[in-house]
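The same subunit A turns up in both complexes below, where it pairs with subunit B and then with subunit C.
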Partner chain A sequence: MAKLGVFDVSVRYGKVPALNDVSLHLNEGERMFISGPNGAGKSSLLRAISGAVATSHGRIEMDGTILTGRPPEAIARQGLSMVPEGREIFGSMTVEENLRVGTGIRRDRSAIESDIAEIYDAFPILGQRRNASAGALSGGQQQMLAIGRALMTNPKLMMVDEPSLGLAPNIVDQVYDTLVALQQERGLTLLIVEQSSARAARVGGRMVLLRGGAIVDQGDAREFAEKDLLKDAYFGGAKTEDA
Partner chain B sequence: MGTVAQLFFDAVSLGGIYAMAALGIALIFGVMNLVNFAHGEYIAFCVFALIVPSTDAVAVMFLGKAPALVLIPALLILGALMAMTSEYVVFRHFRRADPVAMMIASFALGFVIQNGLLAIYGSRPKAISLWPSLNTPIHVAGADVPLLQLIVIIATLLVVSGLALLLKKTRIGLEMRAAAENFTMARMLGVRANVVITGAFALSGALAAAVAMIMVTQTGVADVRMGGSIMLVAFIATVIGGMGSLPGAVAAGFLIGAVSVLLQAFLPLDARPFRDAFLYTLVIVCLLLRPQGLFASPNSKPRV
Partner chain C sequence: MSNQHQAARIRAWSTPIILALALLAFVVLTTALGDKSMARMAAQTLIRVTFVVGLWIFVGNSGVVSFGHAGFMAIGAYASAWLTLKPQTKALFLPDLWPWLAQAEWPVLPAAIAGGFLAATVALISGAAILRLSGIAASIATFAFLAIVNTIYSNWEGVTGATSSVVGLARYADQWVTLGWAVAAIFVAAFYANSASGLALRATREDEVAARASGVSMYRHRVLAMTISGFFTGVSGALLGHSLGVLNPGSFYLGITFITLAMLVVGGIGSLSGAVTGVVALSLLIEALVRMERGIEIGTTEFALPSGAQEILIGVVMILVLIIRPGGLTGGREFQLGRRRAEPKQQTATNRGVTT
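Take a look at the complex of A and B:
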């Protein structure tokens, strides 16, 4: 049984369609990248899975349970956690309070403190600033906090929307190293929105290309990186970015 | 010296009532972007719960007969229940609706409560005497201060610090703060929308009950329309404080109380009947200068 199954899902904002009949499947412990230009519907797909926006068509399942139509808090209880685009840190709260928001759904109360310690281990800067206002953190630190906060719900499936957005390349490296390490430790299933195929290829995993709200291509991230390299060679280095 | 102290006590006790009423509105606005115009009617409802239903001019105590130790918690719970019920019966169905639709629903609810009270108690204001001994003046810092004023000040401090503690130290408080800042994100972290919103209504209703007890003791009158004027001031305080900001609501409540007492004291006699016109002119000036509210933090982005 697939960890996550998305069947013919469509999303519209009012009359504007953002996603048209998208289907994809993730196996337990797998890592998948969603790529595509701005406005392709990547964030809408993640929001639909997390219950933050309603689907207008289709069905979403996790571990065989239907998520469609259920509120975000119920989906979070099912073991799905989200690191949204722009991180959406609670800026008026402290770093540690941010980490604790998601612990209300856990039954293993005793493990919460050790999990927080673990996150401070992985991101020492968060530990140092645990009582500081989260709004005062740098972009990279906020990204780490958003990841830590999502982990505190003890998820089985984590979705991360454009973790590299607005971060320096070396910080992006650090974020991905941590994500991969966490995935191995916890057997997480990861669904990541990443525009750079070169980045995705280096991290490794399957890749789905969205355009205009539909899946136009899928395969191994490395194939996409090679195709993009070829395109760059023909059309000039517009996309050299961090390759 | 005596008059300065007198002014101070007047300002702080009036401001305290405004602050509590404003908090009741800001709490709900924070979690569901609703300006609950029925809040004033929760206050009136709590006042009338004190007396026996009748259309007589002098009220006979009903709940009001109970000793303070029973009466205070009972009325706080009643206010909370009233607010929670209105959320369950009315506002829950408007969650996905336009904020304007929700606001209109709150007006409608206010009318329903007010007319319910009119039907049961009649429209004539009633003399009501709750804890009359609290109006005996006592001598503080050269001023004759009614005991009630001191109690109002202490009660406000207790309520505000209690609320701050609740928000800062408890699980539901943490969830309410997260939801006030970013409701969808909080829900994606498992925070239950129903729990947070019901909690906000319960606190808001309890605050309305606290305001009701203070107003009744101070004025000695139960009037079906009493909620309207306090609601107006409280609403203005939440706007000036920065919509949804709890510290802002408290600060603006005290500010309006202080300005209103100062205007009353220092305006020329001929101008005093127009005190409220002066007050609201100042409010307009405030809003022109700082539309986001006097106490909104500079980096707080507008809510959508």
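Take a look at the complex of A and C:
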């Protein structure tokens, strides 16, 4: 059974369509990248899966349970966590308070402290600044905090919306290294929005290309990277973002 | 690691202790130095502290401004009056009271608590109805709630005495009793703000989408905060009745709504310390202005502010504070022992936190 199944999902904002009959399937422990130009519907897809926007058509399932039509907090309880675009951390709260917000839904109270310690192990800088205001962290640190916060809900499937947005390339490397390590440790299934096919190819995984709210191509991330390189060679186009 | 965690806990709990000690000092000072009218002013201030701290439990944590809390205050005030007034008085002024209520002669403390519980119950029901709305719509709905309560209490002649005042309440709410309740409200507010629910609610204030994606049920936490908040604002109403000795629905309408919100904004809506600071600062200013309106002698010439100057000057102060310190006097910080958090983004965060 697929971990996540998206069947013919459409989303519209008023009369403006954002997604048209998108279908995709993720297997347990898999890593998938979603790519595409601005306005292609990448964030809309993630928001629809997490319940933040309503779908106008179609069905979304996780572990065979239907998610469509349920509120985001119920979907989070199901084990699906999202790291929103632009690192939406709670700026006036401390680092540790940010992490604890995600624990409200958990029953295993005793495991929370050890999980927080684990997050601080994975991101030592967060441990050092645990009592600092989250708004005072750098962009890269905020991205790590947003990922740490998502992990605190103990998810089985995690969606990350553009982790590389506005970060220096070496920080992006760190973020991906951590994501991959966490995935291996916890057996997470990952769905990541990533513009750069070169980046996705380096990390490895499947890739889906969205354009105009529909899937136009999919395959191994490496194939996409090669195609993009070829395109650059022929048309002399702008280099892929941070490759 | 746990040491650091413990230090953070101690810092968090130092806030209510500091606030309680400051209020104790305020009462001791006004009692020792002042006359009877100073003592009355202190009691009035502490009733407002109880109210505004109760209001803060909801508004400060949720970021939704409520215009309805004066309604809970009225509910608590009248409930305590029903329970404590002498049966003869009630037979005369409130003839339509239910028989058991007409005969009730409760001691004052249980009556105040009952007033709080009735207000909390109404807060739970009204909150459940309106708190699914988004920030600004919820605020307008709380205002509608206030209007409903006011209309009922202004017209239910045989039960509330309508617009003619209910008189003869035992005037037990002096500065010490009100201090006790203000401190209780402060500790409960601090406890709530540091609880899992308080944390979750503050997260929704910062960013609703991210909070809900973290599994936070915004609605449930809002209703819980509204209920606790309703309890203390209800108790503050009971105290107000038993401080003045007189009840009138007009005391629980627009005037108190706006002055208490002004206190919250002036002190700093983002923190419990701000709520308390705002009440004390504006109460002292009002007292000073009232005295100046009455006239003070400097040398041989008497100097008096024109009447009405008080309201105008309070408005000016509020505007000035909003311009100079948008986060309020405390800037959304808490008074705490030990090292302060670095909060360079506090102002934007506070502004973003308030939806109205």
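In the analysis below, the second predicted complex is superposed on the first by the 240 of 243 C-alpha atoms of A that agree within 3 Å, B and C clash if a C-alpha of one lies under 4 Å from a C-alpha of the other, contacts with A are read in each partner's own complex, and residues count from 1 in each chain.
Basically, contacts are C-beta pairs under 8 Å (C-beta built on N, C-alpha and C of every residue); 3 or more make two chains touch, one makes a residue touch a chain.
What you see is a predicted model, and the numbers here were worked out from it, not measured in a lab.
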Side-by-side fit of subunit B and subunit C on subunit A, or clash: clash
Touched partner set for A:Ala117, first subunit B, second subunit C, both or neither: second
First, second, both or neither for A:Ala76, with subunit B first and subunit C second: both
Contacts of A:Ala132 with subunit B and subunit C, given as first, second, both or neither: second
First (subunit B), second (subunit C), both or neither touched by A:Ala52: both
Partner chain in contact with A:Met93 - subunit B first, subunit C second, else both or neither: both
Partner chain(s) touched by A:Thr153 [first = subunit B, second = subunit C, both, neither]: both
Greater subunit A contact set [subunit C / subunit B]: C
Touched partner set for A:Gly102, first subunit B, second subunit C, both or neither: both
Overlap of the subunit B and subunit C footprints on subunit A, listed as residue numbers: 50-52, 71-73, 76-77, 81-82, 84, 88, 90-93, 97, 100-102, 104-105, 135, 149-150, 152-153
Interfacial residue positions of subunit C with respect to subunit A in the complex: 1, 4-5, 7-8, 196-197, 199-200, 202-203, 206-207, 209-218, 270, 332, 341-346, 348-350, 352-353
Partner subunit C, residues of subunit A touching it in the complex: 50-52, 71-73, 76-77, 81-82, 84, 88-94, 96-98, 100-105, 117, 120, 127, 130-133, 135-136, 149-150, 152-153
Subunit A contact footprint on subunit B (complex, rising order): 171, 174-175, 177-178, 181-182, 184-193, 297, 299-300
Subunit A to subunit B touching residues, read off their complex: 50-52, 71-73, 75-77, 81-82, 84, 88, 90-93, 97, 100-102, 104-105, 135, 149-150, 152-153
